[in-house]
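Per-chain numbering from 1; labels A, B, C and D assigned in written order.
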């Protein structure tokens, strides 16, 4: 005999939003769209730099510090007579190449350490102290030291940024795993027979991912600055390769005299940061509901 | 509380020990040594050798390490190699300036974060929200070294209401010192404030949507009190943790801001010492920063427990 | 109370006598380098005195030495010293202090650039407390450079001096306090041997490591005087009526491209000459030095006895000729060459310009920035890359000093690894003569110039001018040939 | 309609509430609700889960969550219109004139503020006098709601209170300013009968002493009968019946009310009695309503019911109903739902597999050996635990389970009751190896097990928390199949998952959705499906029905007994509601402070309890027979 059990009230409807993955939903919100557009513009500018730039970013015309709109130079030239537009475009390219490598690298390493830390209490202590150690070293001092050892170039910049991100991601994920591990659904999975590794990778990680996704957006922003700060201290990417931070730094002496010099890179950074923070906000919002 | 501290002490000491080792080792890996620099721009190898000998740099590395740690434990860090003066004096002076700057920046960070966070979380009006968002984005998007130069251009060069840089010393002339402190502290605080403000705004929004706020609302508690008394304490703990991490950044990340405002703090000292390979200064300074960071972490733990009564009983 | 007006008030209210002068510096005072000429030697003539004082034509004038008698054979010199001079601690200045000063400079750990000259002094003969004969191993043409260079410090406190804890001298200002990383403060020496001098009550050398910070400090009136505003930053001040900008055309240094002559392809002289033809010196002066410099293929500033227009323009910007030479030399150009430089903004700019110019004639280079310390290490140990950018000093005094004392030009051992009998002979010849001037001397100097230009192991780009940026209310500061600051006659109105 | 003797204190007319939801639709949660409340009156609101009870309560003081808004109607408090009042006015009403007790005591108190601070804030929001006065009043309030040692407890934080105590603190907050109306939303759901009784008598006393009018939202008909004079039945966002408790409970005139009452388990019903649910599903509140919302599930429905909207009317001694066939219903009760009336469960296993007759059902009452081995049927048990002990360490170590032994036989249901916090869930978790035990052994078919085993599965107390929010229901149910290698192949696994979903009465299409897209009852069933997936022989169900309304409760309980019959499962059934436990279990164990204080055949324990605690528990259980209600207004 069977109970007259109710059937599902309604078939799943085709929904406008909400039924799709929350990330997808987040990415289609207005906020995220504006953010993505801004980021897209900057990224595209960087990717298409060879097509968009009318000059080589290192070609030095005799005409130094020309204002914006001067013939042949849309944004003008820098103090060595190089086309600013090309430099900004290629600067974006360099920045993207550095941070797009460094931040994910740091994130992955951080996550790997977090997984390690949650495997055993003894390992946890070791990893936590290691994170403390990295966090305790002032970032720029670390940058100076690493560059002093390796010599300037992209590599130390990438290492410094990645290293700075490792504990940031590691700590968040570790905390996330520790919290999620005690959640009822994790216990339920264990009772259901799920093994240790599978529990963490398949069940717990997806539930810890949200803050990390937001953190990536934040970290990308921070990375742009760190690169800039390293350029400012003269330990950035090797000249004459342009970077946004490098151009800004180069423009500083002329801030009063020809402010347009700094405008280009500043605009690019602002777009990028604004876009990333809008994106982070949109993700945050969608994940929270 | 004391028990908590005691429990954490061994691992804190371990961090310090590891840090000392790392600092020492990394520093020897960095090319260039103090003797070269001390010998001056046109030195001969003979001068360099004489100076190396004088500094005791010919000793085996382990001996040098042991000497360093031994001196530290005896409480006498000895003289600096390149900068001149006693290491303790150098760091002491710098520490005063840095602590002052950090506290100033911390004040601004907290004040602005509260402002940004509260306005962002509560304002129903579009323009206010937009303004807050624009401000936080600007604070995030403009690199500190540009902000610094702009602040100086506006307030010191243009309006001439604040000094461009330097420091008098809090105890010499407190009223003047505050004016010297204003710009660098603000410049240092802005990015942290923007980040914290955003987290705080998020936390407040979340807390305001919680059931206990509903309970208080249903009891007729006024909105302002809901915000400050009921939502804020719940939104604070993660922000405090973040703030603890930021203190580390404020302490060591001040290199740029200190340079822009000619603020004679530890950041400047560290940069100088590093570029001149002043081993004792760099070593002692970095170790101090690590120690302070570890301490701050312990303090945030305690503060966290103060803010959240549930944690006390663990 | 406003921090801004407090400081302006102090400056503006100062009468002719009195006032506090603040000088902006970009490198901290380094006591260990007290006896070396470095980027920061301003306090040397404030706290101490030298034996003589050069004028712009390198003619010596009395300071602590009132008169001198250089023996005809050049093997000895008799100095008469002032007898009315006391140290800040009250002790009388005597001939023994001069003896000590010379002996002190000979020590390698003092790293004095003029140590070679000091070492020619092999004996002393005191004639009373204030007359002294120096015995020389051989005649030297740059003896007076030594007297201009050598500060007379207190022989009893030299250990404290090199630690920066006690600086006891005979100069116009007493050492008051040095806060490393912040400032060096000096107060008026009321018993200075020149009556009624100095005018100023106190002097502070305040450190601004960031060029923008230094500039802001000047513009906001916090700092009255600086010699270390870079050319790029000067443009902002030029239109500012609150400042007077004075360019010393004696030059206090020069920038150059160095070549390691044992590294291919820099081992080829034609290659090095091609480099010398390829670089656009005018652009270096304009864009990197902000116009404050003299494009020159030779190291000599206009005031140097060795200066000649022909030397200066021996190489000009001529890419065609450079390419031709390069081709003639037959060195392959398919390899990318390392081009080292310190990470300072000035040297980075120059390296970028040079890199671009070299690229125009088909030499590809990769910039190799090193922080100043690593760069210094490579410089001293002679492990520089094939090409590098750097600056040198010591061309502003007697030409022999450059070749004997400045490391890049040292005939016995230099960074480039260059050495030849001809060069050694020319240098020793110029140095071991008593007379620094006269037609014969000039001919000896020209021989050095010819060799330097022809061998091109150091390709000079431009002679830098010392630029003095002073607030309108400041009058009378002076820089000695070794960039010591002389404020004997300076005052604030 | 009889004119009310006094003008109504609260007069609600035509209230409608909409929630716009993110996918663009609008949920019409409350539709045209009208009722009145007189001073000092006690009114119960009952109805299906999701029928708009809480929303109505929240709408009264305009406390709707999120984007919810009142679209029509008026709410008058003593003649003052609240739907259009300004924030300032509302604030004066909230707390001072209308006090509110929310459903969930765990999250409704601020975790970082002491109880004193929270009470103080409420007092000070409406004057409340100076510091000292407020302090004294706070202490008085805490004493009033029966928290022992109020002076000391005032400075404690919410986490230091038990669930029942927290609930009482909430009531104290709602009463602080002596409101005219107290709105209490399911204040006793999570509490055991004794604590529930304490709270109810408190509320009743206040009503009698201070004349506070009471609106009580609840699922528990016993509570309604025990406490309220009048009852309001809601269905699909509307009021379907409104009348004196005695009449509504004895002679329901709406078919839904009839169904609801039929589903109520009775403590007097013997073990093995089957519960009766209402077939069908509640209406989709986002669709416009044509006709009667209940028509689709109604045995009396005719064509007219599907088109014309019934209005609340047909007064008969203040007994209003919104139905076209009230008299048929009244005559017929709940007989037209397709479900058979109360009959003993046909599939109750007569013997555990061994063949020995089940003593639990017809053996003699249990002897007094309480903490020793629990005396189930003879023969080898599937699961035997002995001497289980669990201590939670911390600042104040706490022994949650203290030397518990029990046995579970194949095809047998053991009911476990006990007050909140007595260690029931902990015991369940120990048995399933979700926690390691500090002492004791657990044997499965005679063999000691120390790790989670395929054979013993657990249905968690909180269904939502136990489902991974990031995995689809299909993946969740498929997980044990995969890890135990039962269905390694993908399509076969999908098919098996669909089978399991259908087994628990869910559509196979549910497999692709995330847990948050399901209602509480549906989630509970997903949890059951997952527990059944690895084909266990022992199923531990931790309060599978506590938070559900009685008709959904009936569905789930029936489902479990069916499964037991089909699969021969051994069941451990944990619940607060003694009536449910008695009806589903063969044997019952009573837990108190971490120990089993009594155990025996279900009927035996319920009728002749030995332990004083069991006696107290039974005495406190309210009976849904309205005659037991304290006061019934004469019609």
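The rule we apply is simple: contacts are C-beta pairs under 8 Å (C-beta built on N, C-alpha and C of every residue); 3 or more make two chains touch, one makes a residue touch a chain.
Please read these numbers as outputs of a predicted model, since none were measured by experiment.
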Next item on the list: Work out which chains are contact partners of both chain C and chain D.
Entry: A, B
Check: Most contacts: which chain pair?
Finding: B-C
Next item on the list: Could you grab the centroid distance between chain B and chain C? Build each centroid from C-alpha atoms only and quote it in angstrom.
Entry: 38
Note to self: Report the inter-centroid distance (CA atoms only) between chain A and chain B in whole Å.
What the structure shows: 23
Note to self: Based only on mean CA positions, could you tell me how far chain A sits from chain C in angstrom?
What the structure shows: 47
Item checked: Two or more partner chains touched - positions in chain B -> 30-32, 149, 153, 157, 271, 275
Next item on the list: Please list all residues of chain C that touch 2 or more other chains.
Entry: 212, 370-371, 373-374
Item checked: All chain pairs that touch each other -> A-B, A-C, A-D, B-C, B-D
Note to self: Could you list, by residue number, the parts of chain A that touch chain D in their complex?
What the structure shows: 1-13, 15-19, 183-195, 198, 203, 206-207, 289
Notebook entry, point to check: In the complex formed with chain C, which residues of chain B make contact?
Noted result: 30-33, 36-51, 54, 79-80, 82-85, 89-90, 93-94, 149, 152-153, 156-157, 160-168, 173, 175-177, 179-180, 259-262, 264, 268-269, 271-272, 275-277
Check: Within the complex, which stretch of chain D touches chain B?
Finding: 61, 63, 65, 87, 91-96, 99-100, 102, 104, 107-114, 117-118, 121-122, 125-126, 157, 159, 170, 173-174, 176-177, 394-396
Notebook entry, point to check: Can you name the residues of chain C that touch chain B in the complex?
Noted result: 1-4, 6-7, 28-33, 36-38, 107-111, 113, 163-165, 178-182, 206-210, 212-214, 216-217, 219-222, 370-377, 380-381, 393-394, 405-407, 413
Notebook entry, point to check: Which positions of chain A touch chain B when the two form their complex?
Noted result: 125, 128-129, 132-133, 135-141, 144-145, 148-149, 218, 221, 225, 228-229, 232-233, 245, 248-249, 252, 255-256, 262, 266, 269-270, 272-274, 277, 281, 284, 288
